[in-house]
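Quick one: the structure is below, questions incoming.
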Amino acid sequence: MSMDLRIKIGNKILPNPVGVASGTFGYGGEYEKLIDLAKLGAIYTKAVTLEPREGNEIPRIVETPSGILNSIGLANVGVTRFLSEKLPALAKLPCAVVANVAGATEAEYMAVVERLESAAQLWGYEINVSCPNVKHGGMAFGTDPQQIERLTKKIRALTKRPLIVKCTPNVTDITVIAKAAEAGGADAVSCINTLVGMVIDTAAKRPVLPAGTGGLSGPAVRPVGVAMTYRVSRAVSIPVIGIGGIMTADDAIQYLLAGASAVQVGTGTFVDPSIPVKVLEGIVEYCKIEKIASIKELHSRFSQP
Amino acid sequence: MSMDLRIKIGNKILPNPVGVASGTFGYGGEYEKLIDLAKLGAIYTKAVTLEPREGNEIPRIVETPSGILNSIGLANVGVTRFLSEKLPALAKLPCAVVANVAGATEAEYMAVVERLESAAQLWGYEINVSCPNVKHGGMAFGTDPQQIERLTKKIRALTKRPLIVKCTPNVTDITVIAKAAEAGGADAVSCINTLVGMVIDTAAKRPVLPAGTGGLSGPAVRPVGVAMTYRVSRAVSIPVIGIGGIMTADDAIQYLLAGASAVQVGTGTFVDPSIPVKVLEGIVEYCKIEKIASIKELHSRFSQP
Amino acid sequence: MKQFSATIRGNYPLSTGFFELEFTWDKAAPLPEPGRFFTVRVSDNTIPLLRRPFAFSAFDGNEGTASMIFQKRGHGTGLLSAKHKGDTLDIIGPLGQPFPMPDKGKKALLVAGGIGLGPIAFLAQTLRKEKIPVSMVFGCRTASLIPSGDSLAASGTVICTDDGSRGFKGTAGDYLKSIERSVGSGTVVYACGPQPMLKTCHEFAGRRGCACFVSVEQIMACGVGACMGCAVKSAGGGYKRACTEGPVFNSRELQW
Amino acid sequence: MKQFSATIRGNYPLSTGFFELEFTWDKAAPLPEPGRFFTVRVSDNTIPLLRRPFAFSAFDGNEGTASMIFQKRGHGTGLLSAKHKGDTLDIIGPLGQPFPMPDKGKKALLVAGGIGLGPIAFLAQTLRKEKIPVSMVFGCRTASLIPSGDSLAASGTVICTDDGSRGFKGTAGDYLKSIERSVGSGTVVYACGPQPMLKTCHEFAGRRGCACFVSVEQIMACGVGACMGCAVKSAGGGYKRACTEGPVFNSRELQW
């Protein structure tokens, strides 16, 4: 008996639970020569905004112990070029293509989704209400449950496609945010986005990143991501997608046991592009050894503390 | 010209900016044979509660990438035995002895401080309103600015000694918490305590820590601590004490440049007990090379983003 | 206790996955004793982060060297297994409580399982020097895990393998049952090894009316009594610190 | 581009802190070209986390080996400097854009500073094979940083040291100024090295009316164009990715 890897989110099915996280996989094509994209459960695109954005000042990346801090900003080609230049190639892939949507205002989020609705090839949306690298924009939404619920409702009214809201970890209680998304009609929540962090260059006596703070990701944040996934899974009844520091199948299985129905690999892909595929293989292997037939069954095998 | 290492907090002076963090240095005596305690700026004791506490279920520690997750709970001998057994030895040290105070209720915090007031040898208090490992207790206070302000006011009324409030990083906006402490009359704030995290044993299919979640500390969290120290330093006008992942002088200098007036070494002491002393030496060396005469001057040399 | 930099004198493979590491012992540090331990910082960077605790397996006062027997289990012991003669180690020790000597006239029954061999072998050597009668049992899964060299066999150690590939077939605990009647209150049991083995020894000693000292393992953060991380459950309720009150406990002090 | 496991053929110290690493190049991977680069995962654990980018310094088609010249700067290059013949490397490459060949009839002026030597030496070798006239300048702080072996001197490279301990006293940029009048639009300038040196080359080329191609350095996360982490400022405003549009740029495309 082989494992049923499929995951239902909203009215659609993900072929398997391992996706690649927004902002770490470009628009898919960049990694085409290195891995078999057909093996991915989903590609979450770099954030798409209404207008193209140049992104933040440079440098944009600095390493930290077992992590990286990034200040990319929402550097992207904008929705028009996304549709004309990036989506056609993406659409040929057998995996689900989820557009990560960002904006500075509710109207901008809605305008992007409206434009994307025209593209039949898109599988669904991940609403990025949590980018710590944009000053006037994402962050304000990300920490206020009322705004989250209202924004989710408005986007919900625009689309029947799977609607995922991506939660920020930089809040007192992430379950409040997740519940607001659920109340607004989200089909799933994904967590976590990056933690706010800072690295200072003591020789130059200023932050390494010109923006001051950046977003912390990678193995360093994995325990935080697992804890939040655990709490959110118990607070909502929609699927949860676990993200943060996944480098191995064991890391991903921690998220799945904690209650996630799917996972995303971000920083890990930078370190070794074969990680997402190896993670999937490792999950399958684990479930075979443990005689687990589905992600649902995996959830039921977890001993709650 | 040599550097002025002294730091004023409330009505007292710390001999130098490097202390050892609560819960990682016991009551001082444990490390006596390994390092010259006289070189420390301050020893922050393990949390002291009204009654002795056994602490949490075992195991209590698990390693994470560049960090550790702990679930000690507030395991401590209680205020009575602290005064009779632990303080006499501590009091002989030339460094400042700061009692880290915890409780489940306002009344308990106050009772502990009242009892400790009788001990002339204590330098001051660090109020732990932020331990993520106690279910009914610290955490509730830690995230609610009104409760923080009221608790701080009540303790302020009991003592003239330096009063430090230790902030949790597990909040949407740590500056709100720090400002509440300042409004309540705190002489300083320290940040950060540990981040909530979880590690799951995928073979046993349950969290490694019986409590489920634990507190994440060590180098992994350093960027988060520096970012919060930076933000808090700009929000309050009392001194800030930076904590989180300090392993080297460079790490500590990042905190000082970010606005901290002093630092604490926690997990780093486990890894190498000589770290606190080496950190101090490194700060002195840096200031000598950079011709910096005081921590104040260090602050002024930071280029704000 | 003292923190010092030791120099590795040798790192010898003993059996599949097991190594014996010999290193210089600082003259100014107190002397190693059986049951006590030390911690090593295994990496210069932050992976793995915490120091690793190991028991002494021998001390050579003339050479000024201490030894340990360790098993390659994870990242930290993996790094240790790759160390060479001449490399240095950041050591803190000795730490914790030693095995207490048996009361006058008593004999000692030593039981070691897996990585418990180090401290038990050290204890055997020390007891023999004191002319105390020692019998020793060593249990492991299979013959390939039995340390090479003939020190075990030469000392008359009873070897037990779970799969019967050498010596007594069964666990060290099974062996104890087989000799149950010959042991009485004149014997003191000393044990170090996996938790189930320690429990068997504790129960065995209870039935036979003899004292039993066990050395326990627990994840440690500080190793010096400061963090309360290494707590083990004590018989009277509450906890004891493995690093300070232990790692050797009278088995009756612990909750089983 | 391709990800593969390479085997180290040699890791030779060249000068103080500099090494030349030679490794097998996978037959199924496109061939290395001067100016292009590859990334290496330097550690199995998470310190340091990101892959490290390095330019090719040579490619030997017969042996099937590629080389790089690197400087020990931090943790990652420290780990690389300790690698031995026979060790394996996780490689992704070739990545980025190569130095473009000069138009017919033009000659090449190559300028290398410090770790810029690798790609510039590779370019020199390639141009000479194509019979394109090459003059080459190498600048470094002091004589001990000049690679041993006589390849540099034999090829007629002008060596500049900041402290005058060997060759021309001054930077490579100072040297360019000293030959300014002899260079015209018939020359193409190629440069790799520290940012100030690249800027000097760009300005020099502007004054002399010749094309100038520079290879830039930026911290990289993905190395393949996916993350926008390696952005450098472009002349027209906005950014370009060093890993994809670069690392070699016509210097006029960049903001200086």
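As written, the chain order gives the labels A, B, C and D, with residue 1 at the start of each chain.
The rule is short, and it goes like this: contacts are C-beta pairs under 8 Å (C-beta built on N, C-alpha and C of every residue); 3 or more make two chains touch, one makes a residue touch a chain.
Just so it is clear, the structure is predicted and the values come from calculations on it, not from any experiment.
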{"item": "Mutual neighbours - chains that touch chain A and chain D alike", "value": "B, C"}
{"item": "Chain pair, most C-beta pairs within the contact cut-off", "value": "A-B"}
{"item": "Greatest separation from chain B - chain, by CA centre", "value": "D"}
{"item": "Chain A-chain B separation of Cα centroids, rounded to whole Å", "value": "34"}
{"item": "Inter-centroid spacing, chain C versus chain B (mean Cα positions, whole Å)", "value": "36"}
{"item": "Euclidean distance of C-alpha centroids - chain C vs chain D, Å", "value": "55"}
{"item": "Distance between the centres, which are taken as Cα means, of chain D and chain B, whole angstrom", "value": "47"}
{"item": "Multi-chain contact sites of chain D, meaning residues that touch two or more partners", "value": "46-47"}
{"item": "Touching two or more other chains - residues of chain B", "value": "65-67, 218-220"}
{"item": "Pairwise touch network: line, ring, star, complete, or other", "value": "complete"}
{"item": "Chain D to chain C touching residues, read off their complex", "value": "45-47, 75"}
{"item": "Chain B-touching residues of chain A, taken from the complex the two chains share", "value": "64-67, 69, 143, 170-173, 195-200, 202, 204-207, 209-213, 216, 218-224, 226-228, 230, 245, 250, 253-254, 257-258, 286, 301-305"}
{"item": "Chain B - residues contacting chain C, complex", "value": "23-26, 30-31, 33-34, 46, 54-55, 58-63, 65-68, 70, 72, 75, 218-220, 247, 267, 269-274"}
{"item": "Residue numbers on chain B that touch chain D, as the complex places them", "value": "65-66"}
{"item": "Complex interface listing, chain D residues touching chain A", "value": "1-3, 41, 46-51, 90, 92, 218-233, 237-239"}
